[in-house]
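Dumping the structure here so I can ask a few things about it.
We call the chains A, B, C, D, E and F, going by the order they appear; numbering starts again at 1 in every chain.
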Amino acid sequence: MRPSERTPDTLRAITLETAVNRYAEGSCLITAGHTKVLVTCTVEESLPGWLRGKGQGWVTAEYGMLPRATHTRGRREAAQGKQSGRTQEIQRLIGRSLRAVVDLKALGERQLTLDCDVVQADGGTRTASITGAWVALRLATKYLLDEGVLKVDPILDHVAAVSCGVFNGVPVLDLDYEEDSNAEADCNFVLTGAGDIVEIQATGEKRGFTRAEFESLYGLAEKGINELFAMQKTAVG
Amino acid sequence: MRPSERTPDTLRAITLETAVNRYAEGSCLITAGHTKVLVTCTVEESLPGWLRGKGQGWVTAEYGMLPRATHTRGRREAAQGKQSGRTQEIQRLIGRSLRAVVDLKALGERQLTLDCDVVQADGGTRTASITGAWVALRLATKYLLDEGVLKVDPILDHVAAVSCGVFNGVPVLDLDYEEDSNAEADCNFVLTGAGDIVEIQATGEKRGFTRAEFESLYGLAEKGINELFAMQKTAVG
Amino acid sequence: MRPSERTPDTLRAITLETAVNRYAEGSCLITAGHTKVLVTCTVEESLPGWLRGKGQGWVTAEYGMLPRATHTRGRREAAQGKQSGRTQEIQRLIGRSLRAVVDLKALGERQLTLDCDVVQADGGTRTASITGAWVALRLATKYLLDEGVLKVDPILDHVAAVSCGVFNGVPVLDLDYEEDSNAEADCNFVLTGAGDIVEIQATGEKRGFTRAEFESLYGLAEKGINELFAMQKTAVG
Amino acid sequence: MRPSERTPDTLRAITLETAVNRYAEGSCLITAGHTKVLVTCTVEESLPGWLRGKGQGWVTAEYGMLPRATHTRGRREAAQGKQSGRTQEIQRLIGRSLRAVVDLKALGERQLTLDCDVVQADGGTRTASITGAWVALRLATKYLLDEGVLKVDPILDHVAAVSCGVFNGVPVLDLDYEEDSNAEADCNFVLTGAGDIVEIQATGEKRGFTRAEFESLYGLAEKGINELFAMQKTAVG
Amino acid sequence: MRPSERTPDTLRAITLETAVNRYAEGSCLITAGHTKVLVTCTVEESLPGWLRGKGQGWVTAEYGMLPRATHTRGRREAAQGKQSGRTQEIQRLIGRSLRAVVDLKALGERQLTLDCDVVQADGGTRTASITGAWVALRLATKYLLDEGVLKVDPILDHVAAVSCGVFNGVPVLDLDYEEDSNAEADCNFVLTGAGDIVEIQATGEKRGFTRAEFESLYGLAEKGINELFAMQKTAVG
Amino acid sequence: MRPSERTPDTLRAITLETAVNRYAEGSCLITAGHTKVLVTCTVEESLPGWLRGKGQGWVTAEYGMLPRATHTRGRREAAQGKQSGRTQEIQRLIGRSLRAVVDLKALGERQLTLDCDVVQADGGTRTASITGAWVALRLATKYLLDEGVLKVDPILDHVAAVSCGVFNGVPVLDLDYEEDSNAEADCNFVLTGAGDIVEIQATGEKRGFTRAEFESLYGLAEKGINELFAMQKTAVG
């Protein structure tokens, strides 16, 4: 039995609230159970130096956690003077995941930055960030299309993500923190609307796990992510 | 005429929502017009080294802004590798303001940290942080009293803050961003429930301003802060 | 009775020695009792990037303390790898205070940097820095006028500063360290020659303090600063 | 046709040279084609603070690249003042991979650090690091067993890693740099001697890739890693 | 002819003013021509962790330059966030030079820190720092002996330093900045009262220089340093 | 008797292996007894900003030690976030030493960077770095001449370095770690093929040492460096 009493193939309650920031070109507050991530998408008409003059744009992401997003207070990275390895790993993943479904040439020479700030954490913050960031990105590019700044839609497909794991020997969908911290295996799947793989990160936490278990997790992820795509569609209208 | 069409002595619409974080011992989301600051109060049963063994506790604050809290995206301080001078100045002010109304001996050897994170900014984020932080602090100490961890209430009085300024030659209460960026003078007042001064920071922005103008601003601040005290009382029940 | 045996409205012995650095365009060693701050004004024919091409100049300040300026040795900020929040707060204050009396357009596209280095500290280093920095700035701009680099005098007025506080229940002028560390209230006043407010920073140290006390401190500050203006005039000839 | 003229399921020429450092408790120079990684294993009789007193040891890894390990010179991270996100991601992966096959309790309260320094890079440095680090770790623990410091062997199994990818539409084993920088998909597999998954990192580089392609890569990885296990066995005698 | 019209074997005008800081246990302002270095010696009854419990003390040095100590303003190291390689090299040299004439066991478990801050620079700041630091150290240890804190004098000998160089083909003593920046060779000599070598740093600036030239410089240094010893004796009474 | 059983004027076994890196324009692995330094020379067709447009090139060096190059593991500077004072001092010395024998104008507007990475340390790493760096530099410039990028050979002479010291009262050539850590004096000599001084760094470790001892060390260094020149000639063919 899962601590949340969900069946193995059930997602947490997910909401995708849009237009939650008065200034951002696109924004989304994604809630997955007790996990809450605020995502804004900022459009800037300039590019980092190494990308200028190549006739394409860029999509990047930054990730952060408010200090008390967690059970015990974590130290503020700004006060620490650096982002942890974990933070950098996550924001690189989010950026790669979104670029996989964007036509950078169609963006033109501008940069879109997805800021994913975890307001409350209960497991799955990186996958929630990806799912929510797609919504914010979709809204920002829609705005650019509506304004006539973009002529061609640069968004090629949906992308969404979920974590699955083996908990008490059972493959389950969408781990919460209590499951995650006791799971035998933890896999993050990032898939496109077409069902293709953008990224898989599978980690055996306590022991290695088998290929058969991995295949079960993959199946659960496909089910869950398809549900997320439907919610994304509703959210962006 | 003020851009917001308020009269000179009118506060913005203020709300103080409590219990907005599932883990923190006290929390408050303060809204002042379009300014939104999420405050959590964390209780830790340990002290920084320089304070240990002195038979007293400590109250401190940290302040941050989400990158897209503002009209244009600001750089993330964690990515920059340091907190700006402005951030440090503000968090020092918040800490001092709250310590002014706390009996540190009554706290015992524990630390209370107020994290003030600006989710959306439209002027007055440091004063909103102070007003909201008092609520979060009050709730956290109430929790410690209810749990029997504290025997004596360490909170000595209310504290709240507001900014006033001279805008188009007229002294006005509670500047929003549009006013703030065009004001001739900008004063932050932090007062106790008893009406005493905790901190005044008065700055002539474009020209110096006169003692008479300063006295008008002081009067407006007293009016506004008294209204904030009433809202704090309601919020903490 | 004050530890220094001064009456409540008496400044410490102040001297303003000029031309103390062989290279700087303007320089001043200000002594206030045992507090000594060495100020140099450097003229550079370039501006930080964000200011270029706007047809105006800039005045900025940096502040530092020699490690053994104080009773016990403080850590060297360069060795620490960062300036403290206090240092940044002070240097921002000094810069703002001087810009309040400078016509930046008349300066042309050049930057003037005031370096304020505390050689010995006995309270009031930030206010002494401001008072001395005006002298160094005045001398540097005079030099630019004499050389024909500037055609119009960019200095609009005097600016000087002093701290006042409530010590043993009595409002007193120009706190030294012993008073400052035991004061009930500590207020820094920065005023122009015309008597206008550039900046007021009032802090209740142990308890809040009353508006009546604040008004007394303001009166003392006006008296003291007028005396400083006279000394500045003598110093710059 | 692969640039190296290998068949799709052929590893590069691999060598595992041991005892390459005169001081380290275990060491290995792994060569995979033109990729060369020098790995040392250091035993220290102390633990980081957060691990002390828990009756277990720790295995950790650090990763670096000499500046001219690559075609064009990369900036030295020590001179930059920080490790890149990529570096941190890799060293976290190496540490996790090794801990998966170590009984930390059997290690006792000591730390083993694997330093993986890339002397020359031609793709696959992170997977080569893992494969070589197991050898260095095995030798260091053997030394501790021989010396009687350890009574029980803490090494539970082999671990090795390889990258596979889709190059010109064909799934291939053990990507070199030329393939890696043009691959449609890049997957790193870290498996135990028992065939269990320690970690899978699959990334679609240009487009998403299909589940069927992923399964082919998985099969290639199992073949390649089994060959690596044989080489590890020979290397440690 | 030297720019300063000195003969090749003449030192600049040197003064050693003592007791220039009201708080430090020992202090000295050394002037060598236009070079001015303020040195304080601080006694602390504690040691860095790696030295504790070894029954000996430590002598260390820190070095800094005020930003406008030089013809053009240098950037403030505290604002830069780090000490330059040059600064670190110099402060390591000063510390080593002084430790060469101190019996660290006789010091007991305390640390003496020499802060050498260059107020004005015209060449030779590192050698002036050493010569002045000996005076400050002598005064601080004298104070500790007078107070009965030390029973045995830990100062074993004098140490002083000077730079010599080949300027326009002629070996000269005590280079000033104009000579230093055009010299063919630049050598710093640090010698003890007994005439022994503590440190020699010889650098060919434009071309290598000959052993014969080096021997001439050595002779000049011995002459100059003997004069410095006499001045040190006078300064410490 | 020396721990290595060498006579006082005998170098350690030295080897200079070239072309050890597949990408660098020049490379050399220098071995001196158990000390091993890998040097690469990188040619870049750009210069740091402060050197551009002056019609000359630049030669610079960076130095690092692998963490387990030493008996006990040292902390990785990249992980520490900064290079130590020692590292900076050494890399500045290497750069100066090589520039002394290069015609920077003949180089044209390009930069050559010597990366000296210590793979194993047993004393004398800075002098080995210089000797090996000359070989890598020679090979890289030869390559540029062969390719027709350079028309004139910018290398003016050989440069090599060795350390000498007083060990158990006897002057000896080429200290290893055991000698170095017990020597009474330690001198690094950097000389040109013509026998001129590029740099001498002489340090009295425990006591000062005499001029007569210094002269003996100088004689040993001249002998040893002449042997190194012969090996350099052989290495570069």
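As a working rule, a contact is a pair of C-beta atoms (placed from the backbone, for glycine too) under 8 Å apart; a residue touches a chain by one contact, two chains touch by 3 or more.
In UniProt terms the chains read A, B, C, D, E, F = Ribonuclease PH.
No experiment lies behind these values; they were computed from the predicted model shown.
Chains touching both chain E and chain F: none. Ranking all chains by how far their C-alpha centres lie from the centre of chain C, first place goes to D. Looking across E-F, A-B or A-D, the pair that copies the C-E interface, with over half of its contact pairs the same by residue number, is A-B.
The geometric centre of chain B is 50 Å away from that of chain E, both derived from CA atoms.
With each centre defined as the average position of its C-alpha atoms, the distance from chain D to chain F rounds to 33 Å.
Residues of chain D in contact with at least two other chains: 81-83. Around the closed ring of chain contacts, the path that opens at chain E and continues to chain F reads E, F, D, A, B, C. Across the complex, chain D meets chain A through its residues 82-83, 85-86, 88-89, 91-92, 96, 100, 185, 187, 191-192, 194-204, 207-211, 214, 218. Residues 21-24, 27, 34, 38, 40, 42, 44, 62, 64, 66-73, 76-83, 87, 113, 115, 117, 119-120 of chain A are the ones that touch chain B when the two sit in their complex.
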